[in-house]
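So that you can tell them apart, the chains are marked A, B, C, D, E and F in the order they are listed, and the count of residues begins at 1 in each.
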Amino acid sequence: MIRPGQIVFTYFHFAASEELTQAMIDSKAVCIAYETIVGPQGGLPLLTPMSEVAGRMAAQEGAKYLERAQGGRGILLGGVTGVAPATVLVLGGGVVGTNAAQMACGLGAKVYLLDSYLPRLRYLSEVMPKNCFPLMSSPATVRELVQEADVVIGAILVRGAKAPKLVTREMLGTMKKGAVLVDVAIDQGGCFETSKPTTHGDPIYMVDDIVHYCVANMPGAVPLTSTMALTNATLPYALDLANKGWQQVAREDEGVKAGLNVVNGHVVYGEVAEAFGMNSKSVDSLL
Amino acid sequence: MIRPGQIVFTYFHFAASEELTQAMIDSKAVCIAYETIVGPQGGLPLLTPMSEVAGRMAAQEGAKYLERAQGGRGILLGGVTGVAPATVLVLGGGVVGTNAAQMACGLGAKVYLLDSYLPRLRYLSEVMPKNCFPLMSSPATVRELVQEADVVIGAILVRGAKAPKLVTREMLGTMKKGAVLVDVAIDQGGCFETSKPTTHGDPIYMVDDIVHYCVANMPGAVPLTSTMALTNATLPYALDLANKGWQQVAREDEGVKAGLNVVNGHVVYGEVAEAFGMNSKSVDSLL
Amino acid sequence: MIRPGQIVFTYFHFAASEELTQAMIDSKAVCIAYETIVGPQGGLPLLTPMSEVAGRMAAQEGAKYLERAQGGRGILLGGVTGVAPATVLVLGGGVVGTNAAQMACGLGAKVYLLDSYLPRLRYLSEVMPKNCFPLMSSPATVRELVQEADVVIGAILVRGAKAPKLVTREMLGTMKKGAVLVDVAIDQGGCFETSKPTTHGDPIYMVDDIVHYCVANMPGAVPLTSTMALTNATLPYALDLANKGWQQVAREDEGVKAGLNVVNGHVVYGEVAEAFGMNSKSVDSLL
Amino acid sequence: MIRPGQIVFTYFHFAASEELTQAMIDSKAVCIAYETIVGPQGGLPLLTPMSEVAGRMAAQEGAKYLERAQGGRGILLGGVTGVAPATVLVLGGGVVGTNAAQMACGLGAKVYLLDSYLPRLRYLSEVMPKNCFPLMSSPATVRELVQEADVVIGAILVRGAKAPKLVTREMLGTMKKGAVLVDVAIDQGGCFETSKPTTHGDPIYMVDDIVHYCVANMPGAVPLTSTMALTNATLPYALDLANKGWQQVAREDEGVKAGLNVVNGHVVYGEVAEAFGMNSKSVDSLL
Amino acid sequence: MIRPGQIVFTYFHFAASEELTQAMIDSKAVCIAYETIVGPQGGLPLLTPMSEVAGRMAAQEGAKYLERAQGGRGILLGGVTGVAPATVLVLGGGVVGTNAAQMACGLGAKVYLLDSYLPRLRYLSEVMPKNCFPLMSSPATVRELVQEADVVIGAILVRGAKAPKLVTREMLGTMKKGAVLVDVAIDQGGCFETSKPTTHGDPIYMVDDIVHYCVANMPGAVPLTSTMALTNATLPYALDLANKGWQQVAREDEGVKAGLNVVNGHVVYGEVAEAFGMNSKSVDSLL
Amino acid sequence: MIRPGQIVFTYFHFAASEELTQAMIDSKAVCIAYETIVGPQGGLPLLTPMSEVAGRMAAQEGAKYLERAQGGRGILLGGVTGVAPATVLVLGGGVVGTNAAQMACGLGAKVYLLDSYLPRLRYLSEVMPKNCFPLMSSPATVRELVQEADVVIGAILVRGAKAPKLVTREMLGTMKKGAVLVDVAIDQGGCFETSKPTTHGDPIYMVDDIVHYCVANMPGAVPLTSTMALTNATLPYALDLANKGWQQVAREDEGVKAGLNVVNGHVVYGEVAEAFGMNSKSVDSLL
C-alpha cells in the first residue's frame, strides 16, 4: 500500500497507461521515474541498463522465433556455409538498437541499422562490426528494407512519450511470410502499428503471417543479469535520496528533477499530462 | 513403402536405434547413410552441413533456455555493461563445436572450447574470436569447467558409433542451478548421462535443476536453411548414384562405399553391427 | 628470335590465342607455360602471384570506374556515413576472387563471394572479413545477384581452358545502368559474354550502359610489384631448369611436366589441342 | 541570376578565390557557406559528408595513380604475398584524413596518420585498424616520412582559411620517383607547395617526377553518393531557413550565424576579409 | 639549486611525500605540478602520456615476473595451444588500466577490467578486444577475482590524493602462490596494502609468496618513448608559461591554475594540505 | 644413471653438443629425441609446443630488454599515443616465428615476418594481425630490415641440423645502438653469428652495443605452462612406447623411427653424425 508522501523510485512509463497515472495521482506519492532521470551528460542513465538487456535479447528472440515450429520462416539467423544469412533491420541506433545490432552481427546476420542523427551514425560506422551497415533513416528506406528483412527490431524511444509507428499494417503485406517483428518499444506503446503487449508466458502472435514478439518488460526474463545491471546504476541515486530527501536532491540535480513525474497528486511531467489531456503543475513550485 | 533393392539415400544414425536398423534389414533396401559417407580429403561431407546448422542453433538454444521462464538461471548470455557474460563450455572442437563456439562468442559469452587433437586446437587458436579459449580436453578439465559453466554444449561425434558420456549424473550436482545442457550428439545417443531425446514441440526437461535441451534433429527447426545447405552437399552424389548405379559408384569412390550401412538385408557397416551384436557382411562381397 | 629447342619459360595462355599457339609450334621451341605448372600440393604456383595482383587490382578498378566521369554509376564503393556502400559480386572464390573480395571488403563494400566448392566456402567463412558473404554458386544465384550488384568481378579460372560465360548479354539488361564489370578471366577468353580484351591505355568500353573493364595482363600496370611477386615464385624453377635441363626436371617433377604445352613443334597439352582442333602428342614420348 | 537579398546556401570556400568573393559582394545576396556552419557540439556538419567522400576517394585515387601507365611507381597499394605493401602518409587526422586512412588500411597499405592534437590521436589509436600508425605531427616527422612514402595525402583543413604548405617543392626531390601526392585541401588552396587545381577530366600532372592529383571538388566524381550524403545533412537546415528566415535562424543558432560569410554586400566572416585585405562588418549588426 | 620565485614545472606527486612538500615550501618556488593540470575538456593531459607508458609497461612486467626464475608462478601470460592463458585483473579503467588491459589482451591473457563508472565501462565494451571483460568494480568482486588472478594490476588514480588500498594483506593469503602484483599507483602511495616503492635496479620483493612489482617512476625505464610522449604534451604549456609568465597563464586558463600546488612558500592545493594537516592558501590571492 | 638399453625419451639437440652425443653413445641407451619425431602430416609434433612457448616468450623478452636499465634503447615496444612503436623483425615464419610475431603484434609493434615459402606467407597474410607484414626472405631484405629493427628475433629451425647464421657480426654495426637480438635457435647453435648460450640467471650480454638474449631452453622459465603443453603432446607416444616397446613402435610409425638418434652405442641420425664427422648406422638394421 502506497502512502501519500512516500517516495516510489522505479520504472513507471506513465505515457503508456492512463490507469497507472491516475492511480499514482490518487496515491499522492512522490513518483520518481527511472526512465526520465537525465544523466550529467544527458542520456537516460537508469533506462540504459534495461535498454542494453532488452536490445541484446531482441536479437536472440528474433533468432528463436524464426524457427518453423514457432511460426517463423524456418531459417537460421547466421546462415551456414554457402547459405545466405538472414537480413536484420534495426530501427533506431540508440542503446537498444546498437545492442540488438551487435548481437545480430555476432550471430552472423546481415544487419541494417537505421538512425537519423548523423554523428551517431558516424560513431557506429567506426565501432560496429563490418556486417552492420548503418544507414540514415527515412520513411522510404524503412519501406524498402522491410521487404528484404527476415527480422525487424523496433528500437525507437522518444523520452517520456509514445513511440512513433514506423511499420504500418499495410507494410506487413510486403514482407516475407514468417518474418519476425520484435517490438522493444512496446513499453512506450510500441513502434509497429500491429503491436500489442504480450508476456514471457505467451510471447508471440501472428498478424498477416508475420510473427510479432512484443513482450513487455523483456528484461524480466533474465532477472539475475537485469538486477545486477540496474543496481549498478540506481544505487548511487537511492543512497542520495535516502540521505538528503527528494526535494533537496531535485534542487541540486537537474537530472533527478527531470525524473519527477507525479508528485503529491499532481502530474509534473509535461508529456505525461499531454498524453492524457490532464493538467500539469510546475515541478519547481513543489520544491 | 520401401521396396527391396531401392536406394535410400538419407540420414539413418543406425547406431542409435536398433528398431530402425532391423526395419531396414527387413526391407532389403540399399541404405546409404549421409552420416558415414567420407569425403575425398576425409571428413564427413554430408554430415557437415547439418553439423553446422546444429552447432549454430545450439548456442542460440542455450541462450534462450537460460531465461527464467524456461527454468534457466535467468541470465543473459552476453551479459551487459558491467555485468559478466555467461560461461559456455563446448565439448568437442569439430564442426558442431566450432560453430557453436562462434555463435556463443558472437553473443559475447566467455567460451571454453575443448578438443583433444593438438593440430585442431592450434588452428582454432588462430581463427576463433578472442573470447574463445581453446583447451586440451581431459576428464579433469571437463569436471572442473562444468562447475563454472552456465551452458554446456555436447558436440562430440564418433563416426557411426555411440557418443561417450562426458558429463555424468553425479557432475550435475556440482553445477549451478538453472544451468543449461545442450546435447547436439543426441542423434548418436547423447554425450551426457542424463540425456534423452526430445522434440521441437517439447524441447526441454529438468534433471537435478539442470535444464536439458536434447532435441533430436535440431536442423528440422530451420528447414529452409537446412534444405539449402544439405542440397548443396548431396546433389552431386545423388546425380552420380542415379547415373551410374550404387554399385559402380561405390567401386569407384571409397567415400561412398563407406556410406553403405545396410544392403539387401545385411548390415555392412561394422560399428552398427557391433552396437547391436548383429553379424555384419563385407561390403565388397556385394559390389 | 626464338630458335628451335630453346626453352621459353613464361606465361602463354595458349587456349586464348590460336595465332600464338601456331607461332610457337612453328618455332619448335620448348614452351613451358607458367600458368599450367602444378605445385607439390596441387595448385598453380606460378599463376598464383599474378592472380593475387589481378584480384587486388580488380577491386580498385571497379571502384575507379564507378566514377561518373568514367561512365559509372557515380557512387563510392564504400559509401559514407548514412549512405549504403556498393554491392560487389565476385564470381569465383579462388585466388583471384578471394583477393578481389578482400580489397572490396577493405573499402567497405557489401561483398557476395560465390564459389561451388563447399570446403573452400567453409574456409572463406572463417577467414574473410564480416562484410564478405560467401555463397554457393548457381545459375539462379548469379542471375539474381547481378541485378543488385554495382560491380561484378569475374574471377573464374579453368586451368588451361576457356572460362565459362557466367554473365550473358541478356543479363546486362537487368543490371543497374552504370554498373561495372571487371573480367579478370579475360586472358582465358573472359567469363562475361560481352567481354573483349582491352589495354591499360584504353581500358573500358560500354555495352548496354554497363562499363566493361577487360584489360588483358592486368598486372602489367604495377610492374614493380608484379615482377617481385613473380620472381619470388619462378626463381627456384628457373635455376632448376638451367642446372638440369628441361627433360630431366620434367621427369623428376610431375608439376613441371604439366607446364609443357608446346614442344619441338608439337602441342603436348590436351586442352590447348582441343581448343583449336589440333592433334596433341603425349608429352612422355618426348622426355 | 542571383538577386540582392536572395539566400544562397551552398559551398563557397571564399578564401580560395577573391574573384568569387567580390562577385558575391556585388550581388548583395545572403551567402551562407556550408563549410563554415558550426554544429551544436562544434565541428563543421555540412563539410563533414563531403570530407568523408573526399577522404575515401583520396585513397582510391592514390592507389589508381600508382599504376605505371599513369606515371606512378608501378606498385600495388596493398602489395601481394611476400611483397611489401605501399607506405601511405596521411597529413591530418580529421574527417578527411581518417577516412583516407581507413580506406588505405582496408587495401592493406602501411599507413602513417599524422595529427597534432593528442586526444584525437588517442581516439584514433583505439578505433583505427592495426596497420594504421597514428603519430604526432611535426615538421621533422613530415620531412622524414615523405621520403619513405609511396602516397602522400594532404588532409589539412583550417576552417575558412588557406591550408598551410606542409610539403615544399624542395622536399619533392627527396621522394621516390613516381610517388603520388593527393591534395584534398586543394579547395582551400592546397597543402603542398606544388599543388594547383585540376579536374576530373584531366586529374594529374607531374612535378619533379612526382604525380600530383589535385582535383577540385573531388566528390563530384561520385554524385549519387555525394548528393545523398549532403542532403542527409543539409535538409534540416534548409527547412529551418525557409520556415523562419535567415535572420531569425542566425539569432537562435550560433552555428548558423557562423555560416554567414557575405551579406548584403558586406564580408562578415573575418578570415575571408583578412585573406584579401578587405574590410569586414560585424554580423550582429545585420541581424 | 632552486631559487625563490623560480618556476618548477614538472611531476611532484606531493601527497606521497611530506618531505618533498616541505622542501618546496621552503624554496619559495612556484611549483606547477604536471599531474594536477586539467585539460580543456577535463582530464589530466600531462599525466596521460606517462599513464599510457606505465599502463603498457605494467602488462609487460606482469608477464616477465610470472617467470619462475623471478619468483613467479612459472606460467606464460598468453598460454599456448591447449593450455589456458593467465588471468589478469586490472583495477581501474582509466588511462593506466585501459592501456594495461590492451597489452595483456594483446598477449592473449583473459583480462578482467574493473571500473565503477558505467559510461566508461560502456565505452570499453565497445572498443576493447574480446578477451577483455569490463566489469563493475565492488569490494566483493575484487575479493573474488583476486583469487583467480595470476596478475593483478593496480591502476587507480585519485587526482592529487592518496590511492585507496584495494587489495589488503589478508587477501594475499587467498591468492595463488607466485602471482604477481603490479602497483602502478605507487607514485600516489600505492593501491595495495603491502606495496612499497622499488627501483628499476631492484624492482620486486615477495610478501606471503606474492611477487610485488612497485617501481616508482615506471616510465623511466623507457626514456626515449617517455620523453617524446611527454614533450608532445608539455611543449605548448612551457611555451605559454615562458611567453606570458605563470600568473597571466593561470588567470587565463583554469586548467593551469589547477596545476599550482606550492607557490612562494604556501601550499595552494587543498588535497596536499589535507594530506599533511598543513594550512593552505587560496591560489587566487596570489594571482 | 642411464643404463644400456634404457629408453631415454626427451629433448637432446645432439647437433649442438658433441659432448652430449658422445656421452649417450657411451651409455648404449636408446635415445629418442623429441625434436626429430615427425607427425602423421609431417611437422615436428613434440617440438611444436616448446616452439610455441619459446616464440611467445621471445617477444616478451624483446620488450623487456629494450628497457634502458637492461642496456636497451629505452623504448616501449608498442609506443604510446603519438609516438611510433618499435619495429620487430622476425626471421622465420614457422611455429616459433609466428608465435613471436603474434605477441609482438599484440603489444602494438610494427612487425616484419620473413619466410621463404610462398604458401606459408600466403596463409600468414590471411590469419595474422594487420600490423604484421609477412615478406619473402632474402639476404638483401634481412640486411636492410636489420637496420630499421629495434628487436630481431631469430626463429629459424633446420631439423636436426645447425641453424644458418642470418645476422653477421658485421651487420651489428649497421643496427641501432641498444637494439635487442633474441636468438630462439640457440639450442640448434643459434642463427646470429655473435650468439652464445646464456641462462635465465644471466640472460643477456652486449656485443657492439647490441643486446643479445640467447637463453638456452627458454621454456624452462615457465615450467607450469611448458609441462602442461609438452605432456599434452608426449603422453600418447609415451604410452605407446611403454606398451609395445620401441622397436615395434618404430617399425609401425615412420615418425617415431625418425626420432631415433643414438641407439645401443650407434648414431643412427644422419645429420648428427655429419655434424661431428662420426659414422652413422642405418636405423633399420637395429629394428
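We take it that a contact is a pair of C-beta atoms (placed from the backbone, for glycine too) under 8 Å apart; a residue touches a chain by one contact, two chains touch by 3 or more.
The model shown is predicted, which means the values in this text are computed figures rather than measured ones.
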Minimal step count in the chain contact network, chain A to chain F: 2
Repeated interface matching A-E, over half of the contact pairs identical, chosen among B-F, A-B or C-D: B-F
Distance from the mean Cα position of chain D to that of chain A, given in whole angstrom: 40
Centroid distance [mean C-alpha coordinates] between chain F and chain E, Å: 38
Between chain F and chain D, distance of the C-alpha-averaged centres to the nearest whole Å: 51
Multi-partner residues of chain A (at least 2 other chains): 48-49, 81-83, 105, 118, 122, 127, 136, 228, 232
Chains touching one another, given as label pairs in label order: A-B, A-C, A-D, A-E, B-C, B-E, B-F, C-D, C-F, D-E, D-F, E-F
Residues of chain B defined as touching chain A within the complex: 48-49, 52-53, 56-57, 60, 63-64, 66-69, 73-83, 99, 102-103, 105-108, 200-201, 220-226, 228-229, 232
Chain F partner contacts - residues on chain D that touch it in the complex: 81-85, 105, 110, 118, 121-122, 125, 129-131, 133-136
Contact set on chain F toward chain B in their complex: 39, 41, 45, 48-49, 127, 228, 232-233
Chain F residues within the chain C interface of the complex: 118-119, 122, 126-127, 136
